[in-house]
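The same subunit A turns up in both complexes below, where it pairs with subunit B and then with subunit C.
Presenting the complex of A and B:
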């Protein structure tokens, strides 16, 4: 098992009602599997909102295998100005 | 009390001028055309008539006057640095003495700001504070682009506008207010929305573009023109208590379309999601700060990075792009 910290920003934070999540997954879990998990947890509130993924404070291609202790942030575009 | 280099120049016969600087500073930065008494420490000599105290940047002498409760004594604003600049170029930069004292800014940085042009797309929650701070910092020319009029619901977060401005064009009101802050700056109001046809002509001669719009389509368009014209873009976006800022398209660094390649199928504007006025105030000022750093060449900055600010718990985070 690996421990992952998820940081939630903007619409993700409001959809899940929380700033940070500490989760455990099977070894070999990828960032896109984690994204699917987060979207399911949001009960449709993130439908239509693309999310960029940052792994350990750095943008990455979507499909990356997570390692124990990784910090993952889901970043949506925001409209307001 | 303070006196500016120009005032001192015009009235220098009325004062005894006391130079409180070190010998090294006096030799390195001589103040020509000014007869001074050199002060070598101890208590300020008790002289009749009005005095002007001069230090290198105008900070030490302000403190001396307050501390010693000196009557009829002025501190030269901006100090010897501002005087020398005034003598050589006949340009009084002393109003910016509190920022030119910063070694990263200095007189050279101030001149870069005075010669700079910033285009601000959108004069709403982000554009108003960004414009105010840029004009106060001495940016020489602002191009304000917005076709909207002032509405009552704007006033809580757009402090350039008041109740007497309702239904007037935002850019016209903004020009009036900003000229009150600095009547030497050039303000170009453009009462049109930024679009495919007109956008390039508004930004191509700017040094920096501030993206203060409220929709993703406009951000994508600004990004494209920013890349084509090779003019950096400072992105700002808001969601409720949170904001994002990034400095994009600097010599090939990532742009908005690399930041968010896929637009959302919907999304919340400030009208939909709600916003407290202070949040765009903070984010618009961060955009202005990054613009000033970019113009002067101060690093580190937010090139290639995305900054998050959360106004609820005051957490910031930076992501590398």
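Presenting the complex of A and C:
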């Protein structure tokens, strides 16, 4: 098993009603599997919202296998400025 | 040189400088909070950041702008937390030899900031409720 911390912001935080999630998954779980889990947990409230993935505070372009202790954020469209 | 800071509280603007003998252009941009969003009145915006990553991305973007355009300095402050209507949420100063490269760098920097720096707005409505902002400009 691996332990993953998910940071929630903006629409993700609003949909899940929580700032952070501490989760456990089987070894070999990927970022896209985690995204599906998060979208299911949001009961459709994230449908149609594109989410970029930040792994340990850096954007990643492709699906990646998660490692124990990883911090993941699903980044909804940003709105700085 | 670049400076990029995330500020929790009012922004102290970078001072204008009279002693830059090689910079013919000093550009200043202040992004301010409007009173309406999508036709709905708001009292303030509350900016949320991904702490650590937001300042790192902002710094990396400033460095990219400095490499991409022949400018001398780019200084930026982005505010987080509650920002009342009319107050400044984003302050950018750029110094360059001529105006064109400074204007182009400013446009690039702000356009990219709005695509990749992990900062979000929550709208504070007149009844005090707080919802994710719909504004993507």
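FYI, the second predicted complex is superposed on the first by the 76 of 81 C-alpha atoms of A that agree within 3 Å, B and C clash if a C-alpha of one lies under 4 Å from a C-alpha of the other, contacts with A are read in each partner's own complex, and residues count from 1 in each chain.
In this text, a residue touches a chain if its C-beta (ideal position, glycine included) is under 8 Å from a C-beta of that chain, and two chains touch if they have at least 3 such contacts.
Keep in mind the model is a prediction, meaning the values are calculated, not measured.
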item: Touched partner set for A:5, first subunit B, second subunit C, both or neither; value: neither
item: Which of subunit B and subunit C A:77 touches, first, second, both or neither; value: both
item: Which superposed partner A:14 touches (first subunit B, second subunit C, both, neither); value: both
item: Between subunit B and subunit C, more extensive residue contact with subunit A; value: B
item: First, second, both or neither for A:48, with subunit B first and subunit C second; value: first
item: Where subunit A meets both subunit C and subunit B, residue numbers; value: 7, 9-11, 13-14, 54, 57-59, 73, 75-81
item: Touch list for subunit A against partner subunit C, complex; value: 7, 9-11, 13-14, 54, 57-59, 73, 75-81
item: Residue ranges of subunit B in contact with subunit A within the complex; value: 122, 124-127, 211-216, 236-240, 242-244, 259-270, 273, 275, 280, 306, 308, 313, 317-321
item: Subunit A-facing residues of subunit C, complex; value: 31, 47-48, 50, 52-54, 56, 78, 89-90, 110, 113-122, 131-133, 135-137
item: For the subunit A and subunit B complex, residues of the former touching the latter; value: 7, 9-11, 13-14, 19, 48-50, 52, 54, 57-59, 73, 75-81
